[in-house]
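Naming follows writing order (A, B, C and D), and every chain is counted from residue 1.
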Amino acid sequence: MKPLSSQPSSLLDIRKLSFSYDDLRVLRDVDLDVREGEIVTVVGANGAGKSTVLRNVSRLARPGAGSMTFQGKDLTPLEPHQVVALGIVQVPESRRIFPEMTVLENLRMGSYAPSVRKDRARNTERVFGLFPRLKERERQLGGTMSGGEQQMLAIARGLMANPKLLLLDEPSLGLSPLFVKVIFDIIAEINRQGTSILLVEQNVFQSLRIAHRAYVLETGRVVLTGSGKELLGNEHVKKAYLGI
Amino acid sequence: MVFLQSLLSGVLVGGTYALVGIGLTLIFGVMRVINFAHGDLLMIGMYLTFYLFTLSGIDPFLSIVIVIPLMFAFGAFLQRTFIHRVLNALPQNQILLTIGLGLIMSNTVMLVFTSDYKILSTSYSSGSVQLAGLSVSEPLLVSFVITAAITGALYWFLIKTDMGQAIRATAQDREAAQLMGVNVRRMGVIAFGLGAALAGTAGALISPTYYIFPQVGGAFTLKAFVVVVLGGMGSIIGATVGGVIIGAVESLSASYVSSGLKDLFVYVLFLLVLLLKPSGLLGKSRM
Amino acid sequence: MAGPILEIRNVSKFFGGLAANADVSFSMEEGMIMGLIGPNGAGKTTLFNCITGFYPPSRGDVLFRGQRINGLTPDRVCKLGMARTWQKVRPLAKMTVLDNVMVGALARTNSLSVAAELAMQQLRQVRMDHRADHLAGGLPIGERKRLEVARVLATQPQLLLLDEVMGGLNATESEEIIQLILDIKKRRITQMVIEHDMKAIMRISDRIVVLNSGEKLAEGLPGEIVSNKEVVTAYLGEAFE
Amino acid sequence: MRLPLARGFALAPLLALGTGVVALVAFPLAVTNPYALHVMILLFLTVIQGESWNVLGGYTGQYSVGHAAYFGLGAYVTLMLLQFRQVPPWWGVWIAILLAVAVAIVIGSITFRLRGPYFVLASIAVAEIFRLIALNWTGFTNGAEGILLNEIPPLRIGGRTITDFVSKVPFYYAGLALAATTIAVNWGVQHSKLGYYFQAIREDQDAAHSLGISLPVYKNIALAISAFFTAWSGAFYGLYVGFIDPGTVLPVEVSVQFVLICIIGGIGTIAGPMVGALVLVPLSEALRANLLSDLLFKIGIVSEDTPTGAFLKDNLAHAHALIYGILVVLVILFMPDGVLGFAKKLFSGRRRQTPALPEVSSEKGSA
């Protein structure tokens, strides 16, 4: 395990986050942080509470207990749209693109926040550079595209808001193994271009492969944390996720 | 000739139905609430127009400039005060709430202005113009032109502006819209305001050709449902087409069967669509 | 023993152009526990829905005790002796726990008192009898899961389909469910179990079917599945080749 | 609502029930004031309406806003048979009821395929179709003119005249008996397999379906029972008032009233419709008799001599629909479980109800 020095460049800081849904305690005292320039991944089984972490950061899930700050600013009193204005953008699970909008319109919605509208043209060029396939289909309705293309669009749409921190919820869900690798390579590339990333995944190997640091979540608790490489070699990780 | 004549006037009347339906479908799309007080909003638009005309002499077609902002404000008020509190409630409770609001509106108007029928007669109320050999009621023609212009402006707003896109995004996926930075609560207020403004405008436009009385809304609420279900719940283009179809069906069955039974045809058509193609005749579309 | 209790022959289910299930075939012998696993979106719940009558399969056949049952409505399928639970529990919230289970029991009797007795039996089996008078909507998640099992057991099924009954439970609660499933097996009730907890599924299953992207990726004994290269790839990626 | 099984009766409520029944039976002997009887008859009618709707809307969760169809059918068929064919109402009413049930099953078989708001819309459309038929089939129904009853023939059994329907007393007892019957039917439903199945459908249609409940069969049974008594209440109304037209027995407002009675009291309970009737009838009668404006004058909020006062005096009598509207809005916003549910919450002082689910989901599983 790395010593967690509290560097000044800490971007997202989550302390003792707990959350219940109905009577079910989904998260218990989760501590997690993302520093500038990092890819941090949260892995764990279905139902472990991974998505709930992201939904709390986006303020879609509320109320929860604990503290969350972004560049020192308290997130808990904010509405979802205010979180976006701070530069935290979530690409939700199962894509959730707008099915009856074209690719271009979806991208335009991505830059809805007033502060980023001026960069719309430049950002559109940028995401078309990352995903040439989207440029070919810019007039196609989102709902008529394949799962992989929708995932590209969802990520591209998220990038349209100039995120400082990109939250990715199960980007590999339902994609073919070949496509999964493509998506993860692009995520790494986005990070190289300067965006910090918090990634939630069931695909343990792929996400640990590209992550700087990782957290393992089991029934709402962080049970392991370390660098991606450390966890990749960890026996518990292998055992817990395939019963080997 | 009779066929073309009644088809034409049906289409012209249908324009107004479309306006009512678009408002209803907009509200449903953004909030998933069926507004049973929709016809009563139209009724209030009629009364506004009537009194603007009799008290200040403002022409009913001009009065929409005043009716639209007033009704928008009223709709926004209803949303902020009432509707927004039941967004997560059972659908039946949402329905009952809007039924209750409708009762309050129509009966308040009745208390204040009595249940007498009022007629707004202008110099052109019974005028007609010749169009390609067909005679067209003058107020109907004017109102259709205005309707078309408003509908066009609305399309432009929804497709071209950021706020219009945000409204459509909220309708397609409320949560995803929030993740784009859309304040969905504000979109609800705008959608209800727009819906009320459209219903009020329709009321203003038909006031020279209809009796004005407190209970007139009920029939329009039902008609708006028919229009919206026909076009597919939540589809604005659908509501436009649905409105025109309903106008035509009404007009044709009035001239070929009986004017008393024209509504019967509309409701039977409604039931058939509900049962056979509940997603509407057009299915999904961009708006 | 006469033939398999459940046979699935080339079942496909399309939504629009998307295949949620493609050409899935397998069969189950009486009394066994079949584990059904696969990543999110693999089509496990869709398959449950095709078997229990909630969706008609687009292609292929479902045979229960040799009788073709695709096209039957869910209530008919239940009467034939097949019952399912739901991934997201569906308690009849404003009814009591006992009443919930009685609704299940009434599938086999018209008498309320008989149904109440049957229901209490099932509640005792899942150790929920002390909750009989509580409203189902107010139960904690672990108890709601057990209530759901009691309710379907009350319909006296020969084949039970359990959809993630351990989802969202802590270790103790999961262990209780595992014991319950093993108890049910002792009563010779055949079970098909969707589960994400690999340790649990390997422990209880006699055989396992793995779905991926709607297709059957593998079928076999638990030991065979663990060492199956394709399965490992689908779950962890090519690193473990 | 918790469904108590027949686990033995407590003595006190049984005694109270007995006393109540005796008091109600004895009421016309002690009170001869026709207005008092009239209010009681209205109460009975409202209870019958509410309990009838309750079977379908309350227990089974199928929100029909089209019960005017069955109410109007019962009223129209009974009165048409009596007025145009001289069929005495104690025969005619059965024809009316059977017809209404038959129609209900046809309508149910078609519309029960729809769920939620679509079902509500379809139920309204069906009732409107009936209203339009009654309005336009002039030769058959007298159209907008309506049907004015001349007289009801006296009821004779074996040569003895039981009643001549001249006073309000026979209507009082008929109403009482009918109200008692609908209450008993609700009780019976609640304490039988039907009640369990109805409520299971209300709580979760898919879960109910998977537990062996045939949705179309049981929804139609609920509708048939509901339509049976609704038609009966329509016939009772028509005979009592002596005049019907499409605007009084078939409009959407009548359908809304059916729902209102239950929602105000508390749906899905036997007592709910009774409470609803006890709120609605006195309220609208008080308005009609100008009690409200008198009260305002007495308190001194408004003076009778001012224009406002005169306006209120003239108009508040017609404001019962307005009050209905305000009631609905208040009930939905502040006591969504009705007066009964609200009172229960108030007295028990604890919140057992789980709060409305927020728009969040926990981790989603496989599709």
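Here is the rule we go by: contacts are C-beta pairs under 8 Å (C-beta built on N, C-alpha and C of every residue); 3 or more make two chains touch, one makes a residue touch a chain.
Note that the structure is a prediction, hence the values are computed from the model and not measured.
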Graph separation of subunit B and subunit D (steps between touching chains): 1
Reference subunit B; chain at largest CA-centroid distance: C
Distance between the centres, which are taken as Cα means, of subunit B and subunit A, whole angstrom: 42
Inter-centroid spacing, subunit C versus subunit B (mean Cα positions, whole Å): 48
Mean-CA-position distance for subunit D and subunit A (Å): 54
Set of subunit B residues in contact with two or more other chains: 175
Residue numbers of subunit D (touch at least two other chains): 354, 357-359, 362-367
Multi-partner residues of subunit A (each touching 2 or more other chains): 22, 24, 26, 46-47, 60, 94, 174
Parts of subunit A lying in touch with subunit B, wherever the complex brings them together: 58, 60, 79-81, 84-85, 89-92, 96-101, 105, 108-110, 112-113, 117, 141, 143, 157, 161
Contacting residues of subunit C [partner subunit A, same complex]: 39-41, 139-141, 164, 167-171, 196-199, 201-202, 213, 226, 232-240
Contact set on subunit A toward subunit C in their complex: 22-24, 26, 45-47, 94, 170, 173-174, 176-177, 180, 202-206, 209, 219, 232, 238, 240-244
Touch list for subunit D against partner subunit B, complex: 63, 65, 110-111, 113-114, 116-118, 120-122, 124-126, 128-129, 132-133, 135-136, 251-252, 256, 259, 263, 315-316, 318-319, 321-322, 324-329, 332-333, 336, 356-359
List of subunit B residues in touch with subunit A within their complex: 162, 165-166, 168-169, 172-173, 175-184, 284-287
